[in-house]
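For clarity, chains are labelled A, B, C and D in written order, and residue numbers in each chain start from 1.
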Amino acid sequence: MLAVERLVVKYDELTALRGVSLTVESGALVAMIGSNGAGKTTLLNAVSGLIPTREGTISWEGSLITGLTPDAVCRLGIVQAPEGRKLFAKMTVEENLQMGAYSPGPRARVAESMKRVLELFPRLAERRRQTAESLSGGEQQMLALGRALMATPGLLMLDEPSLGLAPIMAAQIFEIIGDLNRAGTTILLVSQEVLQTLSIARDGYLLENGEITLAGPSERLLADQRVKKSYLGL
Amino acid sequence: MRRDFVKGVLVFLLLVGFSAAFCLQSAGAQEKKPIIIGGSLPLTGEFAETAKWIKLGMEYWGQEVNKKGGLLGRPVEFKIYDDESNANKAVTFAEKAITVDKVDLLFGGYPGTAARAVMPVAEKHKYVYVSMGGHMKSFEQGYTYCFGGPPLMGEWWYEGFFLWLNSLPPEQRPKRAALYTMNNPIGASLMSSLYTWLKKLGIEIVIDEKYNLPLPDATPLVVKAKQMNCDILFSNGFFDDGVMTIRAAKALDYNPKAIVQGIGSVIPAWIKELGPDGDYVFSGTSLYNKLKYPGNDQLNAYVKEKFNLPGYPVYFGFGYCWMQVLAQGVEGAGGLDQTKIRDWLKSHEVHSIAGPMKFDAKGLPAPINFCTQIQNGKVELIWPKDQATAEPIYPKPAWKK
Amino acid sequence: MASVCPTKTAKKVVGIALLSAILLVFPWLGPPVYFISFLYTVFMFVCMASAWNLIGGYAGYLSFGHAAFFGTGAYAAAMLTKAVGPGTASNLLCSIPSGLVAAVIALVVGYPCLKLRGPYFAVITLCFAFVVQLSVQNLGVLGGPDGLWIKGMDLPVETGRSILYESMLLLMAITILVVERIEHSKFGAGLRAIKQDEEVAQTMAVNAPRLKMGAFALSAFFPGVAGGLHASYLTYIHPTIVFDVNMSILIVLMALFGGGASWLGPVVGAVLLSFINELLSTFVKAELARIIYGSLFIVVIIFMPNGIMEFIRKRKQTGSPH
Amino acid sequence: MNTVLLVQSLIGGIIMGSVYALLGVGFSLTWGVMRVIHISHAAFGLIAAFVAYGCLQRWGIDPIASLVFMVPLLFCCACFVYRFLILPVTKAREVIVSSMILTFGIAIIVENIMLLIWGPDPRLITTWYTSRVFIVGPFYFQYAPVAGFVMAVAGVGVIHLFLKKTYTGKAVRAAWQQSDAAQLYGVNLTRISMITFGLAVGSAGAGGVGLALLYSFEPHAHNLWLIYLFLVVIVGGVGNVLGTAAAGVLIGIITGLSLAFLPYQWVNPLTFGLLMAVLAVRPHGLFRSEV
């Protein structure tokens, strides 16, 4: 279980998160919605240890992980598939997947995971020897997901997995995410695609201006007037 | 910003003040104190290897003089700056020695380009400057305080070799010459004597090439010389390119009758590093450790004991000899008046480990024409005949494989 | 910065006036010639580091070939004086067209070279300096491997050195003034924009190629003039002396050592490094002096990664928060 | 046309270029992966050359064999240098600039320590195979340079395979292409940088010994090596291992050709001029960076 309490993050003098608290229960699929610049990516990066925090705590399975380096966080099983995919562009699909399993734990099971991921994404299997930069947008997103799965995550944090994808492609990705969760992976999903996100998630948080302004089951978020107005355009 | 500026100014003034204080301190030299001999040598950087020997030679001279009661009854002391192999610095340090340290005497620097740059400074400040000079051109600038005692004169470098070659019956002389010369003042100054002598001896110049340092690869040079059947190879370079040429010649089994190497073969590293491959190479010199002039044996004994070398390296001798010449000028003039020293040197014969020298208006002695050949890992003098320590080995034996 | 406190301005003016006065009269107070010569070389390096900063510090184009412009200036001056007829005045005046020659050459090579970015630019300028040095060494017209002797300035040592000192001081003052003006002008802002992000600068209506060319030519002009003066100072020039790679590198180090962000950085860097190096050579054994000199760079960079002036500024900001 | 001369020149040039490439590969990696322009790279190579010389003189250990302990030694040395000198600097705003000044300082120190230990005299490595040749048709191949060439090929090959085949090598590439993502998947940047730097300096040792088989050397020789290093790396594309190798061969070919056809005094200006032209036409080197 991931628990974030009153987390504050600042870039120089700019405050990005002002005391954010949230929990992701084991086995859950939690959605985090909000507009551009609300601090969603900052939150994930803070959890991953990429950026330093000012105040508050982050704990995982009961132990404090605030201040750990990204590689240490990754070794605990908290895996982020970052925004913009951030693939290793000049490495092949296969190498990208291998890099996903870089930590000692997953590395021991690399062959097994590889088989599983390639079954999940047959397109990647076809393009194993191509460089990541030569893939199409959808394929790249699959690769990003696949790479994250290679790390056999205890918690998978997905940052805008459908960004820049055609609607059909996006729908497919969301479907896969739902399947993954049903298969047992705990997921924290960050997205601006509010409707699709909330439709597969059980719980959700609304992040606005660095603060959680709404939290609860997905249905309640979907029913909320503010969400309807600002994020669903209804 | 503003405070930065003020601080900058303060720091600057502070530094000026500091150095002024140092200057006053060092300028307070008085009588009965040692005679200070100052200047700069490239103790670090590209030319450090040669400067090291010059410095040791000078210091040995100082040691000797002090043992005998000093110069004019005063001990001598060196103040040597490191110019980092940078001629610009050599110039400022010469001025520093003259005007701040107010040295009594200036010593000669190295290499030729630095000497060329320092000579006008010495001249302007009216300080006697005994050094290797910067070849003939530097002595043709009308300087009156500069002496080559002995000079390192590219124009004379091969004189001895050619005189010896001239003594051979014409049919034994080589017929076709390959000239490979580094493109710098030393290389350039070698050329005129090469052209005149080769023409005089009827040797055809088949290849005449200059290269800029560093030489990337010597193989093509040797291939060309071999293909053109050149039976004498002039490798007019420093150590680095010199050893490359020799090694390529051995590898390609190129056996000219004679290999003449410019400057590289006169340093001890040639024999030490190249071993038997360095044998039979001819070179010129203006100083040699087995010359039959007084002082050489003593120097050799010192070097043997101290550095375990068979004879003193030529630059060790240079450092020693320049000081010897300068000291005779001082003693002859009976004081440290630079102009008197100059006039004495111009009008009297000096005796040094390089033999007797009488300087002309340019500050040069009569042309020196020693020729050396390396035989069995030793530098032997083969010309002039009366000084020779060994018979030349000619033609060069084939490479030992 | 906008509201200038009057007392501070006054202080600044007095400071500059005082410093200039001291520097101006210094050689005529009869100090040992060496001090005149040494300060002359300090001025020379201040001038070159400041000029270099135009392209290297503001625009972020690290040129490692500025000795090429210095050497070009020296050779141009040598040839010009030979043509015009040597003499004190003509020797000094010839340094100005020599600077122009250097600037023109900078324009010619700058056109292709300035299209390169970052380290690529550094390397191409380094190559350029080599090509020039080696070519001059190969060209008989320019004295070839023998170098050139420069006649003229038949003055007593002190007078000759003092005149060169004053000329170099003047050149340094002009250089600093020009660089300072540029720093606070649109030109300077444009150059800094280029350093930040050239693409963004382009979209903000900054004519990057033209600005860069201008800065490069100017940054070559002053070293060219300095080289012209230096030819008269040395009276013997040789490609290995005036096109020395180490000089190119030293200029860069001086500017960055002081901090390339403002005009003061290179000045402070050049002055400090010159003095430190001189003191080290005087008081410490050769190799050890070099080792200390090397350590100096390490210490400065670890503790003041963006140069001395930046460090002082930061300290001041945190020290006095108002 | 004089074929023998041409081929012989090309052989020499290519050997020279490839050994410079071996020295350059590590330089290229530190630059590409860590954004550190390591000015003292060649100086470390020179240390290896001096140590190899010493081992040969004292114990008769072949210079190439001495790499067995020299490379690990340099690796450890480099790790220290990285941890205590380079790492603090990587936090600077302009890493390239500050690393350059820093390592320039290191180069001065290393050079003068060598001067203190070994003195300024030039050294020349002489082994049993020096000046030995094998002859193929009209062409001569000298053992020592060929050994340098083989070493260069092997060295570049090993580094290439390391980067392509091992997990650590892939991490090096990943960290360079996408340092954030690499960290997110468990790559410890500091550790990877240290390994890269150590490896680079270790390979510099091999390169230094390779050059010592070709040329004589003295404590200041690294300055000259550094210039060629820059050329090889820039032309080859920063961070591109095989590109560096290709650039080395290319520079060798240019040198060889000009030695065969031009007056020698124009060989160096032409080499540098041609490289300028290459850069002007292809601003990022002939080969794109691709690790």
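Operating definition for what follows: contacts are C-beta pairs under 8 Å (C-beta built on N, C-alpha and C of every residue); 3 or more make two chains touch, one makes a residue touch a chain.
These figures come from a predicted structure and were not determined experimentally.
Contacts with subunit B and subunit C are shared by D.
Taking the CA centroid of subunit D as reference, the farthest chain centroid is that of A. A separation of 42 Å divides the Cα centre of subunit A from that of subunit D.
The centroid of the Cα atoms in subunit B and the matching centroid in subunit D are 35 Å apart.
Mean C-alpha positions place subunit C and subunit D at a centre distance of 32 Å. Between subunit A and subunit C the centroid-to-centroid distance comes to 53 Å (mean Cα coordinates, whole Å). The set of subunit C residues that touch two or more partner chains comprises 134, 137-138, 287, 290. Residues of subunit B found to touch two or more other chains are 44, 183, 210, 212. For subunit D, residues touching at least two other chains, in rising order: 111-112, 115, 265, 268-269. By the contact rule set out at the top, the touching chain pairs are A-D, B-C, B-D, C-D. Taken in their complex, subunit D has these residues touching subunit C: 31, 37, 85, 88-89, 91-94, 96-98, 101-102, 104-109, 111-113, 115-116, 223, 227, 230-231, 234, 238, 265-266, 268-269, 272-273, 275-276, 279-280, 283-285. For subunit B in complex with subunit C, the touching residues are 1-9, 11-13, 15, 18-20, 22-23, 27, 43-44, 81-82, 84, 86-89, 91-93, 95-96, 98-100, 102, 113, 116-117, 119-120, 124-125, 137-138, 141, 183-185, 187-189, 210, 212.
Here subunit C touches subunit B in the complex through residues 1, 8-9, 11-12, 15-16, 19, 22, 31-35, 37-38, 41, 134, 137-138, 144-147, 149, 157, 160, 233-236, 238, 240-241, 244, 246-247, 262, 264, 267-268, 271-272, 275, 278-279, 281-282, 286-287, 289-290, 309, 312-313, 316, going by the rule given at the top.
Residues 48, 50, 69-71, 74-75, 79-80, 82, 86-91, 95, 98-103, 107, 147, 151 of subunit A touch subunit D in their complex. Here subunit B touches subunit D in the complex through residues 44-46, 48-49, 51-52, 85, 180, 183, 209-212, 214, 216-217, 219-221, 223-224, 227, 239-240, 243-244, 247-248, 250-253, 267-269, 272-275, 277, 399, 401, going by the rule given at the top.
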